[in-house]
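Below is one structure. I have some questions about it.
Chains here go by letter, A, B and C, matching the order in which they are written, and residues are numbered from 1 within each.
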Amino acid sequence: MSEPILDVRDLNVWFELPSGRELHAVKGVSFALGAGEVLGLVGESGCGKTTTILATMGLLPSSAEVSGEVRVDGADTLSGGEDSVRAHRWTDVAMVFQGAMNCFSPVRTIGDQIVEPMKYHGLAKGDAARQRAGELLEMVGIPASSAQRYPHEFSGGMRQRAAIAMALACDPKVLLADEPTTGLDVMVQAQILELLSGLAQSLGLAVVLVTHDLPVVAEVCSRAAVMYAGQIIEMGAVDDLYHDSHHPYTRLLFAATPSLLGDDVVASIPGTPPRLDQPLTGCSFRERCDSAMDVCATLSPALITVGAQHSAACHLNAVTSDRGTRVALDGDVTPEALQ
Amino acid sequence: MTDRTPPTSRAEHDGAHRAAPVLSVRELKTQYPVHRSLVGRLLGQPKRTVHAVDGVSLQVDAGEFVALVGESGCGKTTTVMSILGAVKATEGVIEVNGTDIADVSSRDMLSIYRQMQMIYQDPYGSLDPRFRIRRTVEEPLLVHGVGSSKRDRTRLVSAALESAGLRPADLYMDRFPHELSGGQRQRVAIAAALILNPALLLADEPVSMLDVSVRASVLNLLDTLRRERNMAVVMVTHDLSTAGHFADRIVVMYLGRVVEEGPAKEVLRNAQHPYTRALLSVVPQPDPRDRSTPQTLTGETPNPIDIPTGCRFHPRCPMAQEQCRTIDPTLARPASVSISGHRVACLLAT
Amino acid sequence: MSELDTASVTEEQRSQRSGLGTLLVKHRAGLIGGLILLVFVILAVGAPLFAPFSTTTASGGVFAPPSARHWLGTNDGGIDMLSLLIQGGRISMLVGFAAALVAAIPGALVGILSGYFGGAVDTVLMRITDFFLVIPVIPVMIVIAAVWGPSLLHLIIAIGVLLWTSTARVLRAQVKTLRQRTFVRRAVNLGASRTRVMTRHILPHVAPLLIAQTVVTMALAIFYETALAFLGLGDPTAVSWGTIIEDAFLRTAISTGAWWAIVPPGLCVALVVISAYLVGQSIEEGLNPRLRVANIAPRSWRVRPLVGRGTEAL
């Protein structure tokens, strides 16, 4: 692919626990996306997907330690710590948080709150800023005149759109959306998803969509990365993930997602994810896997290419893969190598 | 589970003699007044009411699994709360195993509660964090005076936990809720609800707060248990796909009314009401090749305070006609459908 | 459960499991307060053992200043001040403790019933509470003590009857919240009687708050006892910090310049009150439901140098 707008390489996040131990929440996550692309980051609760994008924006608490590289349009944002990230926050990378419909202060108008990041980053002020706020609202499907209204006058779906407008206030290149449709009705969800993919196309916005909902990913994302226990265990085109999955977890996750009209038995995965505050040997999914082999207990599988733009971390692939291009997690991870 | 024997429920044998339904709801209406401030009252602001449930009828037989679906604000949760007695119904009849609960004195409500239990959406909040699992599951026994001794009750608790899939029960009896996962907590809630062998189980979004990988096992558990015990289940959910896979019947609600109901697969494959059709078209599918044209309706669901005249769906209906503005349709068999039990409230379909 | 809680998962576990002890330990101020209170309680309970000299017979000169023998000097009767203080602590703490218990009963009852039932019950109970709230405490206590006669029992009841209101209000607020929690609604919906719900589900959850409030009430009660005793309305036969101050005052300690006869009792009262507040406050702080929002605090996360990149090697 051409030069990626967002390039995350070997991202690791550790949290210091009160007991003194460490929780390794994100383990060597790498992904890249270009302008206009919508990448899905899928996984269940505790898999590290939210922590990953928080780390990308430097929004982690004091108990967190981060390592790895995050490049936004070529610029290295992470290695300098908070100081290097701050310059890019909101102006290059913006985020729509989980439960964003409740992110607005109830005592100020929506318009004021959209103007705020513009003022803070010195991009516009006064009438120009208000004008732009109106434009942003129109862009997300809300009449510009509503800028004078207060958050409680908006419905949940409209507030979510307003949150997206606020994220776009400083014209970012990347939008990180954390569960943007969770808690919304199916109709409103469809509208928000349509909006997000529309924005990706019209603005050339690179969007990372974090969700636990596979059908949502199938709906709007062209590519997706499936996370489990802090790692990306499979990444590729959504079509490949569904029809040609190379990791038992991906396969089982899809099997656990009922389709509207299908008659297949809905599966469930026994057991629970491993604790991330204890060292893990072998594959993190081994205990719940229906195809575990002996090697899975001792050796942790690396993410290897299994198809065009398709990689998976599972020993089953090493057995059958004809490509065999090993891309070690601790070696050189480049977007090209992952293709 | 792939080969499901058709349930001998009312939906399949229309007109045949059947046992009295476990739950019979007729023209249920539950309304709340919108709170007016003192100033508002003095200024003569008109009294407004939230018509959360505006004429719902529902019948559930023993062993039947009914899914109550709809978007937020459609009244599905309020319906269930009214059935449970947690919320006072304004009008209508609710009968549990033949007894009208409005006639029952508060002392006799205990016997009603014994026949009707509920499991809640939030697995983290529905168990008292200070109670050990044993105590939580034992509580219904104590409240209803079941079990002759501590040992007897322990045996019943053990059996309930095991039938909810928590085996061996001893491993869980003395734990606290925070030591268990979401799926396990929900199983505890199921064990506690089923320990009295109720005839009716109400479930409010029982799996929406659980991880995807765990949902099917909890729903399968509910399904197995209701077959084993011939227990009626009414599950509120917004997830049509889940409803289709586990329920015998689907009841679609919109703005306080039932707009369509029928055998689950039939409603999903052959939806007659424009709202149901629109709803089905926007449900995202896991198969990326499964693209249907989403039919997003204009605007958002109006609130239940100002209900449109005529058919309450007509302002957003893509097929609305002149008559829809004035005539309020009732549930009837659609013209083009031959499956019994499938009814729809739409002038154009009937 | 939101994934944002990754860092605070153990926090959640710990707070749910923690009893009073853990809560106190978390707040150092509470710990210090607790220790000080403990010291006073021990001294009060074992007063005869700790008092170096007799509290009834003279062991030194009149208004003798602090010396190696009498750490706090003597009063006008030659009695050792330190012994008086320790002995006085007994009565003061006793009255305080008892009055707080007396106040806890209506406080808890009104708070729980009001919060649980809401509506008319709530309105009526809260108006009653308001009534008691606006009563000026000292004047009424003076009247009660004066009319009823000075005795420890009367003192305890008089104080207790007027100090329950803040407990009632605080408990009411928490009960109202608890009432809406799913597990309480579940208990109600499975048929549990109201009594059962209140005693088994609600009371255990408000108990820590009740204890915190009672501790604070105890401090207030000691203060009021001291005030009343000072005004001459205390039990004349009992030695308490208030009566010590009263005695010193009446017997020209000030003009003699015998500060050691007046200041120490006052200091003791102040210390006990402050300690009790610290303890009570730290319990309440520990019980505040923490906002479950990701701790988004920029500037504080750290970069780990890329020495050996943490993931499992092949």
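Simple rule for what comes next: contacts are C-beta pairs under 8 Å (C-beta built on N, C-alpha and C of every residue); 3 or more make two chains touch, one makes a residue touch a chain.
Just so we're clear, the structure is a prediction, and the values are computed from it rather than from any experiment.
Asks: Draw the chains as points, connect those that touch, then say whether the picture is a line, ring, star, complete or other.
Replies: complete
Asks: Count the touching C-beta pairs: is A-B or B-C ahead?
Replies: When B-C is set beside A-B, the one with more contacts is A-B.
Asks: Which chain is most remote from chain B in terms of Cα centres?
Replies: Centre of mass proxy via C-alpha means gives C as farthest from chain B.
Asks: Taking each chain's centre as the mean position of its Cα atoms, how many Å separate chain B from chain C?
Replies: So the centroids are 49 Å from each other.
Asks: Suppose each chain is reduced to the average of its Cα coordinates; what separation in Å results between chain A and chain B?
Replies: Distance between chain centres, rounded to whole Å: 33 Å.
Asks: Among the residues of chain A, which are close enough to touch at least two other chains?
Replies: Residues 45.
Asks: Which positions in chain C are in touch with at least two other chains?
Replies: Each of 1 in chain C touches at least two other chains.
Asks: Please output the residues of chain B touching chain C within their complex, sorted ascending.
Replies: 84-86, 109-110, 113-114, 117-118, 120, 122, 124-130, 139-140, 143-144, 176, 178, 182, 189, 192-193
Asks: Of all residues in chain B, which touch chain A in the complex?
Replies: Residue positions touching the partner: 1-2, 71-72, 181, 211-217, 219-220, 238, 240-242, 244-245, 268-269, 278-280, 282-290, 294, 296-297, 300-301.
Asks: Across the complex, what residues on chain C touch chain B?
Replies: Its residues touching chain B are 1, 12-13, 16-17, 181-183, 185-193, 196, 201, 204-205.
Asks: Within their complex, state which residues of chain A touch chain C.
Replies: Listed in rising order, the residues are 10, 12, 14-15, 17-19, 23-25, 27-28, 45-51, 54, 58-68, 78-82, 85-86, 89, 98-99, 280-281, 299-300, 302, 328-330.
Asks: For chain C, which residues are in contact with chain A within the complex?
Replies: So the residues of chain C touching chain A come out as 1-4, 6-7, 10-11, 14, 294-306, 309-314.
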